[in-house]
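Structures incoming, each one as structure tokens.
Below, subunit A partners subunit B and then partners subunit C, in two separate complexes.
Our next item is the complex of A and B:
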């Protein structure tokens, strides 16, 4: 891991010094123990702030899109001859690179506007599991050494293996290496048990419908509609989200349970074949809504119905933007003859 | 218990979102041919099934529809060549997802009816009405306030 970090800093420094990129989006040490936070590096001197460790959580593709989108917008107000290109370097793990692929595919920016610094990933620390380890107390100090996490709280010291604290999506990740990268740093063996990917979905599918509805209702009741999940999602980049549109008003803003359910349903439905299971939405959710249980189903459907894996190839379009004449028709309603 | 929920007088309310070129013409033919079908269905005409935002379906359910039927041209017969083929994927994913969260499968129904199938249109409406009637009034995703 340290080698990766060192290499990453060197590469970022080089890119910035040679003016190949205007900014590098990466992670720096967070203000709290055992955290890392996204950062924007614009000068070679700052590159030493970059870190790469299991505390790097959020999917950085979101920031790449935001930066480039703002830049494109700003350039519209500049005379054509004075327009300039902005290039963003980004530290990308497997899921981040897949989000970048989705954004490239959806023509949000050109391949020449990004430089991907690929990093190997063994999964990241789940904040909620860490909080559980600390028994809900504030983590005063924390350290990671030899695959063990040690936290110090006011009532004492606790420890656990890193593997037990990894996020659920990391435990079943297929993509420990980025799918595309301009510069690749380091290599690690995959740790994930990818074949178990859809186990929780299958288990949920086998529950009776009423139990599934009860679970959905319970989870959605927690949601306070802060839209943090949307704001952090790299696939949610509409300038005006349906949730905030007023003409037409797609979803009411009332306190009725169905409004929240519809908001979440629709946001999730937009993720068919576009969710890379980066876990950012679950990580930022202040209410701990189990979004992954539902998003993973869409991922499974996209894979099983349309043979599509989100963000894996630059050529294959998102499943709902394409069709095959041979697509399944089992769900089509057939009336009984003469009925 | 509201009037809607009292089982005796309750009649299913079904929203049918149909495409202008096939199913709407099919419904027209059913009318011209004087084929009887249940009056529970409210038809909304759209240019093509590909134009239907899946949110229309969810919104209809939220606003009190007991069932939603979407019907368009048979695959390969779309006025806009491929509109119904992309729609087919959207609906497959939507239906599967709604089933996953525990919504009854027969609340959202999809079918194809061509302009010459007035008979089939009436059959579909009969079938859909029976299916929704069997489920009873919608209780999930419905707006209460």
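Our next item is the complex of A and C:
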């Protein structure tokens, strides 16, 4: 990983020095142990702040979209002859690159407006698993060396293998390399146990409907409607979200359980064939809502019914955004139990 | 003021018993988190915990509360009843920082010029039982930088300090003294007092985070327009995690919910981080980007609140530091502002 980080800094420095990009969106060291946080590098000198390690969690495509969207809006107020292009460089792992593909497919910006700094990825550290390792105590210090995470808490030192602390989505990831990249910074990382990808969903599907609904209700009851899940999602970029529309008002803002359930249900249904399982929504949730369970079910449906994996190729549109004569229709006429 | 010694192992039971007699809100384990919730009769609260994920403000300033009810008649909408009155409540297991947050909320909701009857009613009926931080629970705690301390009794009716085998119980207010019979215990002497003083000094010394919270006021006064604000917000997701978990954030929005002929007017938490927060009916938004929203959040806590109430609107609990999904750390922000 050190080599990738070194190469990443060099490439970013070069892009900025040659003015090929206006900004590089990447990760820098966070203020808490074992964390990295998104950063925006605009000068070659700052490029040494960039890091690449298993603490880099969030999908940065969200920021790429927002930067370019804001720029496009701002340019509308400028005379056509004075308009300028903004180019955003982005540090992209597999899932981030897939989100970039989705945004490109959905014509949010042009390929010439981004430079993809591809990084190999072996997965990121899961906050909940780390908290469990620390026994619910605060992680006061932490270190990663030779595949081992060592944390210090008030009651002592604990350690675990990094692979046991990786996020669930990383453990079943098919995309340890970016699907598209302008610059590659490293070797292929080991492939995870991708064949087990849908096992937990299948197990969940096999539960009786009451049990599934009870789980949904239990998880949604934790939600405080901070909207971190929606705001971090690279596929959730509506200028005005349905949750904030007032004519008509789809979802009320109070704490009524049905409003929270509806907000999450509608958001998730907008993700069919557009969710790359980056895990960002689950990672940012302050209340620990298991959003992934439901999103993964929709992802499984998109895969099984349409053979589609979100954002894998620029040529293949999302199933609900395209029509094919071979599209299945059994789910309308012969819905399966649990389907 | 009455001071008693209470055997450590009896505390959870005492509170559990009270839960059968009145509404008791206390920290409880909820899967892998610790959250405040209402106890069932006899249910014992956690007494050994760091701090809760959520702030206890929900019990005085609920996420959603009904202000009034109305119904449609032949003559138009008419009022159809008042909201339910607050219940007598015991808020147990509050940390000193969170107890202090109530005195900051009082400044706003219970001031000379404006009185908020909904908050005042709940506040009057709530007794705050705090557990002092013998050791600061987190390295992100910075209460001593914003005017508090790990054993602070501001805003507390009954303060419990762990002396080892016993709790020193200080019944600080008439509301606290109402709990004398329930808590029992034996009279505390000068020795307990001295032990507490030692704990107070040591605990304050153990606070690991220090920020120049008071120093930045004059800088904020003169730096409304500063390049600093241009980049601060860049990674912010515009979610409400910081404001919803914050014990002192108190902005709200009012809306009507109508089902057929009956409606309620509800007050809900809002967040200055949300783009919709200041959006006007015309479509114009005076805080048009996250830059203005972040400046507002910092200014509100460290400049406007000191201007209006002579107090910083932050108690240093560190919840926002730990929960921010993008690690926008208020400690770093304040430290950076001090360098402007």
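Miscellaneous remarks
FYI, the second predicted complex is superposed on the first by the 327 of 339 C-alpha atoms of A that agree within 3 Å, B and C clash if a C-alpha of one lies under 4 Å from a C-alpha of the other, contacts with A are read in each partner's own complex, and residues count from 1 in each chain.
We adopt the following convention: a residue touches a chain if its C-beta (ideal position, glycine included) is under 8 Å from a C-beta of that chain, and two chains touch if they have at least 3 such contacts.
What you see is a predicted model; the values in this text were computed from it and never measured.
Residue contacts after overlaying the shared chain place A:269 against subunit B, while subunit C stays out of touching range.
By the touch criterion defined above, A:45 lies against neither subunit B nor subunit C after alignment on the C-alpha atoms of chain A.
In the superposed pair of complexes, A:334 makes contact with subunit B only, with no contact to subunit C.
By the touch criterion defined above, A:193 lies against neither subunit B nor subunit C after alignment on the C-alpha atoms of chain A. In the superposed model, B is the one of subunit B and subunit C that contacts more residues of subunit A.
Residue contacts after overlaying the shared chain place A:321 against subunit B, while subunit C stays out of touching range. When both complexes are overlaid on chain A, the residue A:226 reaches subunit C alone and has no touch with subunit B. Of the two partner chains placed around the shared chain by superposition, subunit B is the only one that A:211 touches, whereas subunit C remains out of contact. By the document's definition of touching, of the two partners only subunit C reaches A:32; subunit B does not. Contacts of A:157 after superposition: neither subunit B nor subunit C is touched. Touched by subunit B in one complex and by subunit C in the other are residues 252, 254-256 of subunit A. Per the touch definition, subunit C reaches subunit A in the complex via residues 30-33, 50, 53-54, 62-64, 135, 137-140, 231, 234-235, 237-241, 244-245, 253, 255, 257, 266, 268, 271, 274, 276, 289, 321-323, 325-329, 331-332. Touching subunit C in their complex are the following residues of subunit A: 30-32, 35, 37-40, 58, 62-63, 70, 128, 131-132, 136-138, 140, 154, 222, 224-228, 231-232, 244, 252-256, 283-284, 286-288. Considering their complex, residues 204-205, 209-216, 242, 250-252, 254-259, 261-262, 265-266, 268-269, 272, 294, 297-298, 301-302, 305-306, 319-325, 327-329, 331-339 of subunit A touch subunit B. Of all the residues in subunit B, the ones that touch subunit A in their complex are 54-55, 58-59, 62, 69, 75-76, 82, 85-86, 88-97, 99-104, 109-112, 120, 123-124, 126-128, 130-131, 140-145.
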